[in-house]
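Step one of this worksheet: look at the structure below.
Chains here go by letter, A, B, C, D, E and F, matching the order in which they are written, and residues are numbered from 1 within each.
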Amino acid sequence: MIKDEVKNALKETIKEWETKSPKRIYLTIDKKHLLQTAKLFFSDLSMRLSTITGIDNEQNFELIYHFSCDKSGEIFNIRVFLEKNNPEIDSLTKLFRASDWVEREINEMLGVRFIGHPNLTHLLLDNDWPKDSYPLRKDYTNE
Amino acid sequence: MDFRKNLFFDPLSQLIGILIVFFTVIIFIYSLGFIKTKKIQYYIWFFLTALSSLGVAFSSNLILIVIFWGFLGLALFQLINLYSESNSIIASVAKKTFIIVGGSDGFLLFGFLLYTYLTTNTSIQGNLLIINDGLSLLAFICIVIGCFAKAGCMPFHTWVPEAAEHASIPVVAYLPASLDKLLGIYLLVRVVKDAFILDDIAKIILLVAGSLTIICAVMMALIQHNIKKLLGYHAVSQVGYMVLGIASGTPLGLAAGLFHMVNHAIYKSCLFLSVGNIEKRAGTTDLSQLGGLAKYMPLTFITTLIASFSISGIPPLNGFVSKWMIYQSLINFMNSTASFYLKFIIAISLVLALIGSGLTLASFLKLNSGVFLGNSKKETKEVGPLLLFAPIILSLLCVIFGIFAQATILKFIFKSVGILSGTYSYQLTFTTILIVLGFIFGLIISAVIKKKISVSNSFVGGEESDPDEEVKADDFYNSFKEIGIFKVIYAMAEKKIFDIYEMGKRISSLFITFLRYLHNGILSTYLAWCLIGMIGLFFYFFK
Amino acid sequence: MGLKEKILTKSLWVFHASIGSCNNCDIEILDCITPRFDIERFGIQLIGSIRHADAILVTGSLNRKALKRFKKVYAQAPKPCFVIAVGTCPCSRHMFKDSYNTVAALDEVIPVDVYIPGCPPKPEAMITGIVKLIDKINRR
Amino acid sequence: MSKRKIVPIGPYHPLQEEPEFFKLIVEGERVVDLEVDIGYNHRGIEKLAEAKHWDQITFLVERICGICSTSHPFAYCLAVEDLLKIDIPERAHYIRMIIDELQRLHSHLLWLGLAGHFIGYNTIWMWAWKAREPILDMFELISGNRQNYAMMKIGGVRRDMKKEDYQVLRKTIKELYPTLQLFQKAIEDDPVIQTRTKGVGILKKEDALSIAVVGPTARASGVNIDVRRDDPYAFYDKLHWSVITCREGDIYAKVIVRILEMFESCSLIEQCLDKIPDGAIEAEVRDIPPGEGIGRVEAPRGECIHYIRSDGTNRPIRHKIRAPSFVNVASNLVTVPGYTISDAAITLAAVDPCYCCTERSAVFLKTGEKILTGDDLIKLSIQKTENLKKDYGL
Amino acid sequence: MLTYLIIFPEFVFAFIVGAMGWWLERKLTARFQYRVGPPWYQSFIDIAKLFTKETLMPRNASKWLFILSPIIAFSSTTIFSLAILQSYFMHNSFTIDVIVLLYLLIVPSLCIIIGSFASNNPLALVGATREIKLMLAYEFVFIVSLVIIIIKSGGSIKLNGIIAAQQATHAHIASLSGIIASILGLFYLQAKLGIVPFDAAEAEQEIMGGTMIEYSGSLLGFFRATKLLLYGSLPLLLILLFGQFPHSRAWQKFLTIPAEYIIIILLVAVIKNINPRLRIKEILNFFWFFLFPVGIVGIILALRGM
Amino acid sequence: MKRLFIDLDKCDACPECVVKCSYIYHPQNNGITSLRELATFSLICHHCEEAPCVNSCYHKALSRDDKGIIKRARFLCTGCKTCSIACPFGVIFADFLKFFDSKCDYCISRNNQSCIPTCLYTALEIKDIDTDDIAQGIYLVSDILAIKSNKKWFLDDTVLYKKKK
């Protein structure tokens, strides 16, 4: 079972483990373990990164890395919390290219900095989009 | 020694003499504006060239010709080598040129000796040699090699592009582009007309050499990135047409070859001189670093455009007329022969000649678009009148000799090859009148629907293109290198496998290494060789 | 109605510009060319370069990034050049009105001649719209 | 320093219906690198969704993309149902599947036509789109719309299928088989199409895994994934069908995968029609409790994944959409370089890109009183343009 | 001089023929694709409309080249079509030869290339370079075809000579080498007119109309008119070169020529509709390494009198 | 225990407090309306046996649970306000029935309730309330919400509306 493999491999790094639906598994880890976890998922368990969801919570930012396991049809969601003032996290571009555009998008939409991303520029928004204005943050207002 | 017997003064020699004087004057004027250093040496060799050329043109004695011919080679070497101290490539190019031209002089001399041996006469005048055995053919081939090397026909062409790339512009325009062609082709015409009666094999040799020269040189020109080298390859390619014209051996063919030679000298010097202007202003002749000069150098642009259309044979310019005559003579030649193989070779030569014309056009489009159109790299201005005079005169001649060929130059040419009257040339007046009418018609239409042409940004899909991003036409020619069999041929050409000089160098170095291997300095080896040799001799003598 | 207009209406070359659409109107525009609707029988052609355009079919709610480019493209069109707003998005910005990335309605930016609402408008509706445009040209 | 040699494609380019901007960095006809600039279609749908009612979002996500306009609502409904943990009636599942597969048919035919158009083969385009029209008629029959079917609803489907329609649908599908076989034969036999597509735009398997491409793009590269089989939603696990994969990864493989998938879709629709039971078409949903849910479906272009989070009100607090094209378009960065400009057109189109996905993001007539002549009209519009130019400093 | 002025408007005839030919081709294409297709007057209307439109010029274009090249293209094509029609109507009063025609035919392509180079647009540049390669590709093949014709006509390069040679014996197409030459000629026609599969230079989906991208209004109109003239006169040239059947009566001739024209347009439409656009490299490969050797075989056959 | 206290007697259902709400997820909407709705539905509403509001709802958004309490399903309600018209007692205030509503989390974690200072009648406060105080008319509605209403009639069984058959 892939679930057990994940549990065995990660052990202490998992802060929280919940199975919301049979095939939707949410696990919370600390952001410093992200690279290691992603590596485990991609290289050892040959999952693929479906996408990354960035959420602006009240006190912090929340990133959910949706890893999809095509053998069992499960989605492993790695939940990482970032502090509000200085949202920074390791980029996964070193491991696979799939995270390239997603990270760029989250960067411009939420203002999360991805350390080690080669080209953290605007993807969807115009280049003259005002600085420090992030549309997906909850405090963003039109005009 | 009878003075008269050793000199020609027939219309052909007169024509060549006039042309030599004309080009000397034109390029002298250009040199006044262009040459700034080492003036004295330059002009000494320059006029020595002119004099010895005249000598070749007017002498009928073989020895005299060889002497003047040799002087020409020396002058060429000196002129190319003039500015070599700053650049060792120029020196090596000069050396290569000298070896090829001088080496071919040896063949020429040998050919003349054979000719003299066969006809028991040292003068061309009045000595027709019928090619009917190996020896006379050999004599012919040796003389032809001399002419080819001078004119730059394949396979003795390799010095032309390299000299064109590295030597200074007036030198290139003067020697490889005009005088060497004039003389080489003159000698060929002279030999074909007055010295030999060609048989089929000789004609086939000329046809094959001519058509191969056309197609191979133009294919090489197509992929060049340096304008001067590109022009150099064209200087080679055009020789093929002249040789094709001469190959037929008929008066019309000779006239066509001569006329093409004249035209080639005109437009090719015009092109080289215009390129000299470009080099003077832009400082480079690399296509990838040029662009947008039409705005700043309109006159140079027009002269280049006319000359390049002329070389590509666009009617009604002069290049078209002479090419047409060559095709006509080939077709006549084909009709008059009975041999199937000769017919086939003529047909293929005709095809290749027509194709070469298209390829020429393509490579000149590359040149014109790359240099004059597109985004300009830096601001510059038109060159002075001294430098513009020669190209303008030459490009005017391109037009005049095109439209009024019959009335002007062709008269002399026909006279020189012995055609007294006839309508061999195509009457371009009809086409010209129609073209003018068509053009007027177009202008009338555009005047009737006269609308202000408004200016707007160019449309590339809405996005502005960055100033540091561009597309250049010359890159797209590289795809010729990637098609089918050309891939191999171009790769071989880049390794200089077709270059006789380089191959000779390689073979001789191989030979030398073999000799070195033998000369290992061990006495017993030498002894063994001596023994083997002695045994060999022994068997030979006492068998 | 002059001859010029008559000629123009018989040979209307349209350029298709999507300025932030959902693809539906775009497909339906292409559908107009395909066998069932075939607007070529009216002389209408879809062309590639704005320089040849007589009319621009605009689809989509005006996106902030597309806005600047689209204005440039419109300025590059030879006049007379008509603008046809295809779909509800360019007519009224539809449900993307409140988005941070759609800035203005189309007719605030360039003059629009015909509006074809619908999400997406059926090809029949588009043909009707173009016919209305032709009527409009003729009436002037 | 020599300048970069760029051939721009876009943003307003007939290659694709949507605006997008590619910079092909070329050496002659050969493309050596590619820069992608997207965002001309970005409409901020994720943000808009946060201000919309749960039920409205089904319509909003429908307008993410017009071609896969049922996949997005489907995935969204699955996400909400995942959050709600409810079961929906069987009949609703079957209707959803029928719509989904019909849409796959229509989308693949559309792509096939456009691919033909992009390689200059307009006959294929016309024929494919002609074959597509009956499917659109079916949509019109079932949902009343040619596009944007609005069939999905949280907890079921919005409209029922009439019994009489089964036969019509069955007949249409039956008539589609020979057409599809025609296309298959035409493409497998035509040497010219093969020279244009074989060995062009190859996406290697390891690249495919690294970029995490999905759908036919991945399956053509030998990555055997299909959400319908791996994480079965609706009743895909109860029907008999197979996942089509090819190993080559070139455009030809992508064409073949899509064509063969159409046969599977036809068979799936027929099976659905055989098995569809009577009964309710929707389950009652009264409130959306706080929580989060993920739904994914296999859209025609690949896996489409929606993540929603609710706080218990009638709007989501986060709605993340990952459309298949978002990852597939990124694969162009690998596939386009190394081939020629001519190949770039078809390669860019081969992933069946949908930039609106990627970026989630009665005729009125103004009757003028004044009668203007044609010249006035020209003057007027020139004047308008001048004003515009002045305004924007052009 | 007066004669020239009198015969000059004959190109209008070629224009009308071309317009109808183009319409026929579009109509046939439409019928292939289950469509209705444009009405018969569409080609005229298109041209007329272009002349009423505003003409735009890109800012950093070379002004004179940009404006002159369409006009020169048009006028050179009028001469070409004139020459063709002249040799149809008056056999002996007129001399023009195929080599001049060959060079005249290069001029329109040349003008298109120069014009698109002058428009200073990257996409036009790509189109122009493709047009150059295309030109090389098809001209080669046409040259071979012409040489076959010249050989078969007993060395006559004048158009009336070629007609006479055919009417004396049999049409060139009625022999083996003639068939090869006419196939080459047909492919030449297809490529010269820029029709799929040889429309890489104007590939709309790749480079947005390529060479024509910056042309608008009356300048584009001139290019269109050029194309119409070519549509009219190129098939007529092919008929002249290959399909002059020896007829005893004039009415037979007046029936065969339109029939042959329609057959040629039909073949063009068929080739157009069963092929995708070829890459420029494939076009070169096809013309140079397939058709060219075939043409050489044709030359051998023609020399052998077959 | 601190609770949010709404004085329904004072509350005029004016939009003042609605203007500003510091609910983070949907800041442009207000949480207080949903609280007022909660309060009215649980307390003021008569929960009629044959409730006209339930019958009138087009979307079946109003229903009675097993305890007999009428509840509105937010997913289904479209804010058409038919029930507001149908209610014979006028206790379903039209402004409660927003199409979009937000949840009030009472801003307990933030301590910057924007709504309280905006109320003109001081009907809102944060108070320590632990038990129901019927005499005062104070009732606990949920864990952290309390309301005050002195209108006794709404609890009187005798006025339960019965629909005439």
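Operating definition for what follows: a contact is a pair of C-beta atoms (placed from the backbone, for glycine too) under 8 Å apart; a residue touches a chain by one contact, two chains touch by 3 or more.
Predicted, not measured: the structure shown is a model, and the values here were computed from it.
> Shared touching chains for chain A and chain E?
Output, common partners of chain A and chain E: C, D.
> Based on the averaged CA atom positions, which chain is farthest from chain F?
B
> Among the chains, which is located farthest from chain C on the basis of C-alpha centroids?
B
> Which chain pair shares more contacting C-beta pairs: A-D, or D-F?
Of A-D and D-F, it is A-D that has more C-beta pairs in contact.
> Could you state the distance in Å from the CA-based centre of chain B to that of chain E?
33
> Quick check: how many Å separate the C-alpha centres of chain A and chain C?
The computed centroid separation for chain A versus chain C comes out at 41 Å.
> Rounded to a whole Å, what is the gap between the Cα centroids of chain C and chain F?
Computed from C-alpha means, the inter-chain centre distance equals 50 Å.
> Which positions in chain E touch two or more other chains at once?
Residue numbers touching two or more other chains: 33-35, 52, 54-56, 122-123, 126, 204-205, 208, 213-214, 217, 280-281.
> Which parts of chain C, given as residue numbers and ranges, touch two or more other chains?
Where chain C meets two or more other chains at a single residue, that happens at 4, 8, 34-35, 47-51, 64-65, 68-70, 72-73, 75-76, 79-80, 98, 100-101.
> In chain B, what residues contact two or more other chains?
Within chain B, residues 454, 456-457, 459-463, 465, 470-472, 476-477, 479 contact more than one other chain.
> Could you pull out which chain D residues touch chain A in their complex?
Chain D residues touching chain A: 38-39, 42, 44, 46-47, 82, 85, 207, 209-212, 224-225, 227, 230-232, 291-294, 296, 303, 305, 307, 309, 317-318, 320, 322, 326-327, 330, 333, 359, 361.
> Tell me, which parts of chain D touch chain C in their complex?
11-14, 17-19, 39-45, 47-48, 51, 59-60, 63-67, 69, 110, 113-114, 125-126, 129-130, 133, 146-148, 354, 356, 361-368, 371-378, 381-382, 384-385, 388-389, 392, 394
> Quick check on the complex: what are the chain F residues that touch chain D?
These residues of chain F touch chain D: 25-26, 28, 34, 61, 63, 73-77, 99-103.
> For a test of understanding, state which residues of chain E touch chain C in their complex under the given definition.
For this pair, the touching residues of chain E are 26, 30, 33-39, 41-42, 45-46, 48-49, 52-56, 204-205, 208-209, 212-217, 220.
> Which residues of chain A touch chain C in their complex?
124-126, 129, 135, 140, 142
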